[in-house]
Every structure is written in C-alpha cells, then in structure tokens.
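I've put the structures underneath this note.
What follows is chain A paired twice: with chain B in the first complex and chain C in the second.
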Partner chain A sequence: MVQQTITRTGAPKRGFFRELAHIYRHGDGATKLSFLLMGVGCIRRGQILKGLMYLACQVLFIWYIIEFAWQYLSKLNTLGTTGMQRVWSEERQLFVRTPGDNSLLILLFSVMSLLLLAAFIGLWRASLRSCYKAQVLSQQGKKLPTFAEDLRTLGNERFHMTLLTMPSLMVIAFTVLPTVFMVLLAFTNFDANHQPPGNMFTWVGLENFRNLFGAKPMMGNTFAKVLGWTFIWAVIATFSNYILGMLVAIFINNRGIKLKGMWRTIFVITIAVPQFVSLMLMSQILHEQGPLNSLLMQLGFVEQPVKFLTDITSARITVLVVNLWVGIPYTMLITSGILMNIPKDLYESASIDGASPMRMFFSITLPYMLFVTTPYLITAFVGNINNFNVIFLLTRGGPLVTEYYQAGKTDLLVTWLYRLTVDRQDYSLASTIGIFVFLISAGLSLIVFNLSGSSRREEEFQ
Partner chain B sequence: MKRFLSLALVMVLALSAALPALAADPVKLKVWGSQDDQEMLKEMVAAYNEANKDNPVEVEFGVVGEPDARQRYLEDPEAAADIFAFPNDQILDLVKAGALLEITHNREAIEAANVPGSVEAATVGEFLYAYPMTADNGYFLFYDKSVINDEQVQTLDGMLAAADAAGKKVLMDVSDGWYIASFFLGAGGTLGIQDGVQTCDFNNERGVQVGEAIKAFTAHNAFMTGDNAIITGGMGDTIAAAVTGAWNAIAIQEKLGENYAATKLPTFTLGDEQVQMGSFGGYKLMGVNALTQYPEAAMALGEWLTNEANQLKRFEVRQLGPSNIKVGESDAVKANVALSALAAQSQYATSQKEVLGNYWLHAEAFGATMEAKDYSKDIKTLLDEMVAGITAP
Partner chain C sequence: MKKRTHLLTHTLIPLALAGVLLPITLLLPWLRVVGEEGFVFARTGINLLLFDRGILRMLPLAIGAGVALVLSLTLARPTRMAVRLLVVAFAASLMSGIYLLLSAKPTADASGLLPAPMMVRDLQFGFWLFLVIALAGLALALMTLRQPTTYIILTAMAAIWLLPIFWLLITSFRAESGAYTTYIIPKGWTADNYVRLWTETEQFNFPRWYLNTLVVAIITCILTTTLVLMVSYAFSRLRFPSRRLFMNLGLIVAMFPGFMSMIAVYHILKAVGLAKSLVSLILVYTGGGVLGYTIAKGFFDTIPRSLDEAATIDGATRNTIFWKIILPSSKPIVVYSAITSFIAPWVDFVFVSVIMKDDYANYTVALGLYRMLEREHIYAYFTRFCAGAVMVALPITLLFIKIQKFYVEGVTGGAVKG
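Right after this comes the complex of A and B.
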C-alpha cells in the first residue's frame, strides 16, 4: 500500500504549491485572508497571541525591506550606477566627497536580504499551516492548543526544532551567506581597478571563466599547468604518505623489533609540533644560504649551494619530501591499528604455502588495507588538492616563471588564488578559481565514493 | 502651572539644541604609523596641540607599517586612519580607489619646501595627493672599503673581480622587480601607462643585450642574492658589497665599522660601452583619508607632521632622509654617508609613478629564472614572456 505522508489536517506534505493550493481550496474566509495578512486565521479561532506574533513578524519584515533592504536590492542588477562624487567647496577650499553606490555593500546586503526573504517565505508557509490546522480542528470540534501548550511542545515533541535553531542560524550566517557571496563575485569584475568605495564593479557574466579557459592565453596556460601540477602533487603526496606510512607501521609491527612503543612515540612527537612552525623552520634550513647548505659545503659534499627551493625540479621534489616528513606519522598511526586487526592465520597459512614476505604484502596486506582505508584515501586526496600550508610556507608557490600569470612552479590552485587575492586584489579571478577548486574536490569525492561504494558490496575480498 | 511647565519644557529643548554648538567639538583623528615611529609621532602631536591651543586635536594612534598601508586601507576604507604614511609606489592604487584627499591648503608652500622628486611622486594628474615625508626609500651601494677600492667600485666588473679575489660576494636581489629594473632603466628602457595599461619595452634589441648582461652577472662566481636578513647578517664576513637602501644603513655600519662606505650604483658592461645603472626613486608620503570627517584639521596635522622641524626631528631620531630641501642641506644630513650616496644615485633615479601592479611579479619571475641559472629558454623568449605578462590588460 502506498504510504501517503499526510498531516492530520489532510493537506499533502510533499509539494510546496500542492499544499498551498489545498489550503486555499479548503480554507474558509479567515484562512484565505491569512494568505495576505499572516495570523488572521489563528486569531479568528481564538489563538490570539500566536496570530499576533505572526502578524508582527510580517510587519517587521515589510518594514525591514522598505527601510533598509530596498535601497540595495533595487540596485542589484547594476551593482551601482552613481559613483563617489567629488565636489569643490569654495568656502572650505577643499574637495568634499559624497559617497556614492558601494557595489560591495549592495551585493552583500542584497544576498542577505534574499536569504531573509527565503526564511520569511518559510515562516509564511508555517503560519498558513497553523491557521489551516486550527480551522480543521475547530471544524472537527476538537480543542485548540493554547499558546502555553504550543510553547511546551517546543520543549518536548518539537525539541529538535528548538535545538537546531541556533546552529542553523550560525551555519547560514557564517557559511551559506559568505559562500553565496563569494560565488557571485566570480561573475563580476571586482579587481584592483574596481575597488569600492571610489569605484564600482558590475556584472560581467562568464567573462572570467572564458579568460581562464583560453580567451586570455597566458591565463589559460597558467590555469591548465597549475591544475596539472595540483593533480600530480595530490596523487604523489597522498600515495607516498600512505605507502611509506604503511611500511613504517609494518616494520615497527615486525616481531623482531623491540621497544615498539618508543618508536611509535618518536614518530608521534612530530605531530605535536605545530605544522606551521616546523614548515617555516624547514624553509629556513633549506634556504640557499641556510644551515643545511653551509653544512654540505663545509663537509665538502657540494661546491655550490644546492638550490633546494629555487630550482624548479628540486623545489617540486623538496616539497614532496618535506610533505612526507609531515604526513607519515598520521598514516602510520592509522595503518598501525588496521594492521593489528588482520587475522594472523592468513599469514601463517600463506607462509606454509611458501609465500615470500613481498608476496604476502601484495596479496594479503595491501588489498585488506585498501579496502578499509578507501574513505580515508579519498579525504586525504581531496585535502592534498587544497594543501595550502606545505606549499606556501616552504616556497610561497615559487619559483616564479615568466610564462605564468602571477604563479610559480610549485603553486597549487589555492596558493595561486591566495596570491591573486592578497597581493593583487584580483578578487573576481580568485573567486572563479575557487569555484573550480570546489567543483573538482566535490566531483572527485562523489565519484570515488560511489565507485568504492559499489566495491563495498563484495563479501569476499581475497 | 501649565504655562510654567510648557515654558520650562521649551527652554530645556532650546538649551539642548544650543549646547552642542556652545561646547567645542573635540576633533578626533586617527593616525597610523609604524611601530618604531609611535613615540616620535606622539611627541609631534603633543607639540602640535601646544602650538594650536584653540584648535586641539585628539589623536588615536594605530600601528600600521608603511608597506601595509594600502592593504589595510582597502580592507575597510571607512574605518581607516585619517592620516597615514605610505611608500610612493602605492599612490596610484590609492588614488584609483579614491582613498586620498587632494591637498589644497598651502599647496604652493609645500611644493616649494620639498625636493622636486618627492613632490612629483606625490602628484597625480594635476593634484597633490600627499605630503612628502622622507626621500630615502631609494637604493644604492654599500661596500667594504678593505676589499673594494674606490676605482674598482665604479664598475660592476671591477667589483666582482675584487670580491672574487678576496673570496667574497657581491649581493643584489635580482629576483625583485624593484632592483632588476636598474639594469633596464639605466640602459634606456621605459615603463609607461597608456589607456590604463602598462607599456614596457624591456624586450627590444637593447633590452635583450641588458638581459644578457644580467645573465652574465648572475652566472658570475661572486654573485649572491638575498634579503635584508642576509645582508645585515653577512655584510663584511661573506659579502663585500650589497645593493640595498638606507633602512639597513645602521646595521651595515655596525658590521663594517671602519670599512663602512657607500656610493652610487656602478656602471655595467653593455656590449662595448659602460652604462650607469639606474634605480627607482623612493619616497615616503603622508596622505589624508578622503573620507575623513575633519578634512581641515587632518590637513593641518598632516602638514605639521611633515614640516621642516619635524623632518629634522625624524632624521635625528630615526635616521630617515628628509624630503625637505633646507633640512637636506644641513651639515648633519650631508655628513651621513648613506644619505649622500643616495643623493648621488638620485640623479639616475626614475619615478615609480608609471609602474602598475602587474610589473612586479613578472619582473621577479625573470630575475628568479636568472638566479636559478635556468637557461632552458633563451633571453629573448624570457623577456617576451615577461613583457607579455607586464602589459596584460
């Protein structure tokens, strides 16, 4: 039998417009009036306080729009037309500036108002539902809940709503609002030449995206190459950490090693030092005139200082190696726990059959580990695509090259984005790149997770 | 009774409207300065209030170094200081963003009192946008007298040979658009602005020759690159000569002691002629926020903070080279080795006003390629790519 989700009122719960149409058709005069004036239906049925509160919300919202939001919303399509005016004042002998349209504030407050509008529509629908419910209950002759009883349900049956209000507001204000705002910036021309309050910026549609994909050859070339390096980096960084961390865990786990606890502790201590500190130290140590080069020259191993971080190939290898130093303790810990869970009889039966340790590793350990840690690998891969710290603190994205647009040979998309934002105030381009980073990360996560989900249905993995 | 009450009410209303006009509104200004300048700024403001007892100002100080001024201003223009100091390469960005108030009070007096280079750096279009404060933000050459003599220091090749013979280095941060420009500008290269886009001819025939000269320089055994920390740490020990500015003068003097010397930049070999290395002229300017609520008071205070007496004070306390002509001619300033070297170099200095933001990173990229001795592409290609990046709209 098909389960229809129906409230006790008989109105369908699914379908925004279907529900509203149902309420309109079956509502009486007071309920129909509630479409225009929130809460009238409740007042008519005796739920005076509740109805008045709905009405107050509506009045407050309309006042907010007229007094505050309309001046920004009305300019949303142009993002401002009259800039800052400079007027010569003869008696004061100076220029007086009257602020004009501030594109940044227009965009920000418009987005905020649109979100508030969405919330208000939700509230409007809630008021209609409660008016209709009151009507149905009174038609059926049942008692209507008083205001005090309604409040009590918020503490009991609807406690989940009370609890979730604050976090939802926080998420919307500090995550949803900034994200929508930043995404919209990618469709404007907000850069160093269009800085409010002196200048305005405006919508340019998909121009930034076209530039990134080749309309401006240097930018397109840079984007493609930096994207390529980001992928290479993410793949090598993730898998090198994983494999080597696993090997370290296996070595420590070996029956012949004494003082297993001490070895593990040594590795874990590197986690205790903040990554920030150790990376900055590393960049100083590996500097061309730094201690490591001085030591190598004094010992006679090299004649010229080794360009760890300034030569292109060396820089790339160096960041990968330093990333190993930072990441192996984590992967070692994760794989240690899983290793100890592999049933020992698998190894015993394999050694009876005459398998070498290498064979055992590839046939038993590796498949088991990969099966268990696939979600971790996905998160690590996506995390490495955005691994800002290691690259920025070691090389700042350098060495810079002439063929790139404001980017260097170890730049990831995020570090390039950072330089565009902070050094060049090229916010619109940076926002476009940010959108791509999001699409790549989210897309990869979804694809790989679905693929591994299909492999989860395997019962046997031998 | 009713009439009395209504009369009292009217009187109270009238008084409350009149009182704010009676009490003098204290003028509140916010001033930004670097950490080292805070003490000195406080003394200067106190002296200003002494001299202007009928128009005192209440000043709130903020610690914002000059290089950060533009960034901090653009973060929130309305919350920014009313008066702040900034280096002259930021003036174009600030004027474009509408950040600076045109200086219209006592403009002729200010322009007459300060060196022409500093006034030119503070003028954009037909308006003066800031008060010139210091004129020592350019660069020149410091060297160790015991390693390089006066004759060798005239040419770059001479310096390199002398340093190499003593097993020491000549330091220049070629991977910095500011320094590498000296080669190109000295050889006659130009940077300009046309229709809001940078024009740059560093990749013409002469520019390619200059590129080859830079390549030879960075390939030399005695060449070294580094930043301020390396200069002040290694001067005298491993470094015989360094291209840097007056901000390192005190530290270098301590390291070199008796062998401390400074002079203008040398000439370098271009083909078969010797060409004098140019430089960028650097000045620190004090600007007034265009959105300030008290423009008259802010302009008066800005003028005071950069007048002759206070520029002299700035030189005495912080060793900062003045832009004021009279102070610059005083014996104390003339005796300062670093500042007279800077004065000698300023004849060959170019203004940074024609340099837009895109120039720096691309020039740095070329310099970094040279420092890394990466010769996979030839000079012409590298210069073409550099200019393509610089002149991108």
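Right after this comes the complex of A and C.
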C-alpha cells in the first residue's frame, strides 16, 4: 500500500523532459537544488543514506570524467593528433619514444564514457524523481519510506531491478559496448597501415561504404561476388537440408518402421559430436591425401586424387554436400515432431482416393510443413548466411584467387570478415561488412518476428 | 488380401523381365581391355568372372541362373514364398555386383590379364546393366511384398553418417603415426595415443587444456544459468517500464556477427587487465550466453499466471514467488540452460584464439585440438588429435542426447510438442 501512495506524485510518467519540467515547476528549494546536487532533496526530508548515495554517485562520476574520461572524450572528434614520436633526450643521450595518442583507446573509452554518461543521466532522473516523491509525501504529511523499506522493495515491486542489473551489465560490457565500437570503426580508416599505438587512425565518413560500392573496383567486385555466393550458398544449403532432412524424418516416422528410437539416435549422435570435431574430421577425410581419396584410387575409381577442397567448383560443391551431412540430422530432429502433428485423417482420406506416397508428400506434407516451419526456415537461412564453422573449418574460405580482395571462392561474408580482422587487421572494412551482415540478418529476422506473431501471443499463453 | 494379390500380379511382369535380363547381361561386354597392339576387345561377364577362377567370382552367374529358376516358379504360381526367394536372389546378385566393383582392380591387376592398371571406367555397360537390374529387381520384389524399402535407404544413410565418426574412433587407436595412410583400417592397434595425449605435455599440454575447459565450463554454466533464469523471470513475469525496449535491444544486438566485436572485446579485457586469462573466457561466454534467455522465457511464459496471483494474495513477494513457485516447476529448463552453457566453452575455438593469442597454457581443448592439425604439427599429432577429439566428443554427445527434446523446442520456439 505504501507503494501506491508513493507513485501518485502527479508528475507525468511519460516523456523525459515533461517529467523534469513538472518536477522543476512544482519542486521547492531543496528539490530544485537537487537538479545540481543530486540527492539534496532526499537528505532534506530525512532520507539521509539514500541522498548521500546519490551525491556520492555524482561526485564519483564527475571525478571519473575529469580524471579519466576527459583525456579521451576531448580527442574523440579527431581520434588523436600526435602520433608516437622519437624525441632526443639530452640527459640519456638517445632517442626516446614518447607514446602518442592511441586512437583505439580514445574511441573505446569514449564510447564507454558515453554509455556511462547515459547511465548517469538515468540515475540523475531517478534521483530527481525520488526527491520529488519525498517532497510530495512530506507535504501530504505522510511517513516517508525508510532506507530499509526501500531496500525491501527490491525484492518485490522493484524486483526487476535486482534481477536485471547484473545481466545488463554483462551484456553492455561484452556485447553492446564492443558492437557500438565496431560499428563506429566502419567510419574510420583503421587498417593495417593505421595500427595503434604506432600509428593513428581517424574518421573518414562514408569512405569505406563508397569503396565497397565501387570506388575501389577490386573491393567492390569482391564484395558483390562474395555477397552473391553467400546468397547462393544460403539458399541451396537451407532448402537442400530442409527437404532432405524432412524426407529422412518421414522415413523414420513411417508406420511400418521398427526401432524408430535407434534410427533417430544414430542421426542425433552426429549432431551431438561438436561441430569443430566433425568438420575438422571431414576436412581430413576429404584432403588430397586423405582416406577417401586413397580409397577411391585403390579401387580404381580415379587415377589422380580428387581436389575436393582446393578446386573452385568442387570446393563449392563439397562444402554444400558436407553441409548436408552436418545439417540433415538436425532438420530431421526438428521436423519429426511437427510431422507427427499432421492430422492423420488427411492421409487416410488421401489414400482412400488412391493418392501415391509422392502425391501425398507434395500435396499434404510439404504445404503443411512449409506453413508451420516458415519461421524456422528463415532462421535457418540467417544461420546459413552466418555459417562460419562449415566454411572456415573445411576450406578456410579458399581457394584464394587474386581477382578477389583478400577472399576466396567459398568465402561467405562472415568468413571474409574474420580473415580481414584476424589475418589482415583491416578492421574498418570488416566492420563495414559486418554492418551489411547485420542489415541482412535483421531484415530477415524482422520478417520472422512478424510471421510468427509470438510477440502478440505472448500474453495469451499465461 | 485382395490388394496384395493385385500388387503381386501388378509387379510380376517387370520382375520377370528383370529375372530374365539378369543372366543375359552375363553375355554382354563387361570389361574393356586394351591390348599391346592397341586393339580393343570386349570381355563378357562370363570371361571376367572366370579370369582368376575364384569361386566368389562365380556367384553372379549362379545367382543369375537362380533368379531365372525362381522366376519360373513365380510365374507358375505367385506365392509370397516365391517372391521372398526372389528378394534373396536379387539381394545376393546386388551384393556380388558391388563386391565385384570394389574388388575388380586388385583382382584384375593381380591376374596380369590387363596390360595397364585397371580403372573402374574400364568396366563396360554389361556390368553396369547387371548392377542396375539387380537393384531394380530387389526394389520391385520388396515393393511386391509391401516391405518398406526404407530400411535399405536408412541403413545406407546411417552408414554414411556414422562412418566418419567410426573412422575417427579407429584412427585414435591406430599404432602407425603420420597423418594420412593409404588404408582405412589401421595395421596395428594401440591405446598409446591416449596415454601420450595425457602424459606428454611439453608442446601440447592437453591435461592442462582439459582442466582449463572444465573449470571455465563449470563456472560459466553456474553463472549463465543463474543470469538466464533471472532475466527470463523478469521479462516473462514482471511488467515494468522499458521492458519492451530492453528485449528489443537484446534482439538487435544479438544480430551483429560476433566476430565483428571480438577485437573490441579483447581490448576491453586488456584495458581491465584480464586479457589472456581464464576469467576473461568465463566473462565472455557468460555475457554471450545471457542473450540466449529467450528459450527459458518461453518456458516461463507457459507456467500459469494464476499460480503467481494466488501466491500474491497470500502475501508472497515476487522474490518468494520466484524461489517457491517458478523455480521448482522449471527443472527441465534449468537442466537445458545448464547443459547448453556447459557445452559452449568446449566447442568454441574462435573467441579463445582471439583472446589467448599464443598463450598456450591458457588454451581450451577446442583451440588446442585445432592447433594440432596445423601444417607443422599434423604429421606428429594426427592420431593424438583423434584421441583428443574422442575425449571431447564423448561427454558432449552424452549430454546432448539428454537435452535433445528441449533443444528442438528451443529452436522451433515451442511450436513442436511431442
């Protein structure tokens, strides 16, 4: 009940500025002072511990900005002006290296400080809110919640704060911050020639995007070709896996088949074996001197070893076939449950009408499955666009060709991105590609989200 | 019953045709031989079968005759017994055909009949026709009996899927060193690869890596599961301002390719002095794992709300509800979260390689095994790599089989039941 009265302060909850304006208009001296010195209002009403904590946060934040963040934030517009220099030192009689501006740290800590600033503004608003609440309550002559009572709400009314603080911090530190940082890199010239701490990089605007779209023909050409292959790969890989995996599931679910559990387990084993193990194994089996080639030669099928992974066409076919080996059991597992849900009477009436199994598959099974699994299909498509493991562990994107800019004929956008960052340190270009991968994935996922309607049904479940 | 007899008579004509054609193919050219003078002549199947006078080589001939024999019986009186015999006959023909195909080169080369090493392409259309007819006959006979031919397909597929894994297993016990051998089955067997993997630690410290991975996996598992449960409960059960905003942010951020931010993660860890340490791995895996909360949230969504409401009326706080109501009824999802987050550190090699660089002592097994296959190590370490891969794959396979049901539900967003 305490909570009920507290929330009714009269301040509009919606709109950041409207709420603040309301608090400013209706606040008394102490509340108005809280705009500058956080928590003063609370201290004035006797919530001393709470008020002091707000104040401490403010002091800490200002200290952080002055002592640490400002040296980086002030250089954010140029990302550093003085590089590493060799200065003649009189006393030591030799050239001394003086560390210059480190563009990477400037950008990284600036982004971090800006995120902290946003968090601080949120805290500032929360402090004003709580000061204003304290003011309203004391004006109404009601008892203010003590610090212990406030703490107790963390287990109930504000339980979400207790639950979400740690996870949010983790996600912000290891996902949001790095992602924002890398997105910003797409607008810089951070490549192998601009490596901190020795060299600096700086903002270049949309130059990387222009390069990808033809300002540098080789890069633009590579991007178009790799993007094309990524799509071809994703379409073939997704649909071949889907159809064939579903057929296997149908085989196993056939009424006459015994030992269903055994067959399913056989295929599940191949999913369960970690992908890096099974794919490295495959790359060894398919190696030019690998067991498959030596077997084929011994049996007289071929005279020369087949270049499964080193010839352009056969490498592309091989990755698709191996992807089938990896993916079919997976689709089998996913689809067998849905297959069992198809109403049996559909098949019964079809077989009375004399439909062949083939006809039943195309007229009943496939349409039903497509209808139910469209979201899964699109998720799988996005997964295949980002299918790093299969390509990287089998061909490493190769065979490399000179007409491509640091890419091979089986490279997908993500494996190209990986090579550019890890092998070539061409971070700005990699980030630009990453943004495109994001746009494709996000666009497709948006479709899934609308199709599945799980967001709308969320409340109905409960 | 009527249908069965109908089917019997329906497929009898093609069956009979197959049965008659099978022996005839033995008179067609089976093998092309280029003589020293350069002339080409064709050898019939009978010739080929006799060329090393082996008894097994006679099999197709016998089978072919047998098929014709059984066929005459069938034509006279179409019984199930007769068709069953046909199945056996066709299956034996097919087997001997495949055996011939696989053994043709060694036998032909040993017989000295051919001037040049034999290739499979030297086999002529007579042989291929034999194979095709045997296969078609078998399929037809099985269809007549209304036996699911699916068993054959399933067995063949199971073989394709299991053989590579089987090869990994036997290679891990191979006594001969080296990466590639010209044969499949090892010549000598040993458990030495396992012993050396665990004891020889100067270059590749596998026990250390295994321990690293185990420690990282256990801590990640505990942290991730706790955080995932917290997030899922908050998003599923609590209604608070900016809940949607948080969920959408999580969705969007998860869609950026992870490799893009690896470098930034490395520098962040370096800035706080944690780069190249196991703690950093735990933090990174946990941070990534938290975003996979959606499956657990979907599970919580299905727990009836009325339970919470009843408890609230009885004066329970949300904290109590979480511990007393939600957690006890979500054991399956706890197991699922725990196992998936436990598996993650075992199978990742990309993030580890970026964070650890060349700090071999802090590697995890996945990266360590990956290094073993690099060009300079593969010759010495290939069999040990196989042993290590088995050591990693075994526990993970068992764990995965345990959670496969939830896995399906998670991937399909709960659309699948049963």
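Here are some notes:
The definition used in the following text is that the second predicted complex is superposed on the first by the 434 of 462 C-alpha atoms of A that agree within 3 Å, B and C clash if a C-alpha of one lies under 4 Å from a C-alpha of the other, contacts with A are read in each partner's own complex, and residues count from 1 in each chain.
Keep in mind that, in the parts below, contacts are C-beta pairs under 8 Å (C-beta built on N, C-alpha and C of every residue); 3 or more make two chains touch, one makes a residue touch a chain.
Predicted, not measured: the structure shown is a model, and the values here were computed from it.
Contact with neither chain B nor chain C is seen for A:Thr98 once the two complexes are overlaid on the shared chain.
Of the two partner chains placed around the shared chain by superposition, chain C is the only one that A:Ile334 touches, whereas chain B remains out of contact. By the document's definition of touching, both partners, chain B and chain C, reach A:Gln289.
By the document's definition of touching, of the two partners only chain B reaches A:Lys216; chain C does not. When both complexes are overlaid on chain A, the residue A:Trp325 reaches chain C alone and has no touch with chain B. When the shared chain is aligned, chain B comes close enough to touch A:Gly398, but chain C does not.
Once the two complexes are overlaid on the shared chain, A:Asn450 sits clear of chain B and of chain C alike.
Note on chain A: of its two partners chain C and chain B, the one contacting more of its residues is C.
By the document's definition of touching, of the two partners only chain C reaches A:Leu108; chain B does not. Chain A uses residues 289, 422 to touch chain B in one structure and chain C in the other. Taken together, the chain B residues at the contact with chain A in this complex read 71, 74, 77-78, 93, 96-99, 101-102, 104-105, 175, 196, 224-226, 230, 234, 290-291, 295-296, 299, 357, 361-362, 364-366, 368-369, 371-372, 374, 382, 385-386, 388-389, 392.
Interface residues of chain C facing chain A in the complex, by the touch rule stated above, are 101-102, 104-106, 117-120, 122, 148, 150-151, 153-154, 157-158, 160-162, 164-165, 167-168, 179-184, 227, 230-231, 233-234, 238, 240-241, 243, 246, 249-257, 259-265, 267-268, 271, 283-284, 286-288, 290-291, 293, 301-305, 317-320, 322, 343, 346-347, 349-350, 353-354, 366, 369-370, 373, 382, 385, 389, 392-393, 396-401, 404, 407-408, 411-413, 415-418.
The part of chain A that touches chain B in the complex is made up of residues 84, 92-97, 99, 192-193, 195-199, 216, 218, 288-289, 307, 310-312, 398-406, 408, 419, 422-425. Chain A makes touch with chain C in their complex at residues 13, 104-105, 108-109, 155-157, 159-160, 162-164, 166-168, 170-171, 173-179, 181-183, 248, 251-252, 254, 256-257, 263, 265-278, 280-282, 284-285, 287, 289-291, 294-295, 298-303, 325, 329, 333-334, 337-338, 340-341, 372-373, 375-376, 379, 386, 388, 414, 417-418, 421-422, 427, 430-431, 434, 437-438, 441-442, 445, 452, 454, 458, 461-462.
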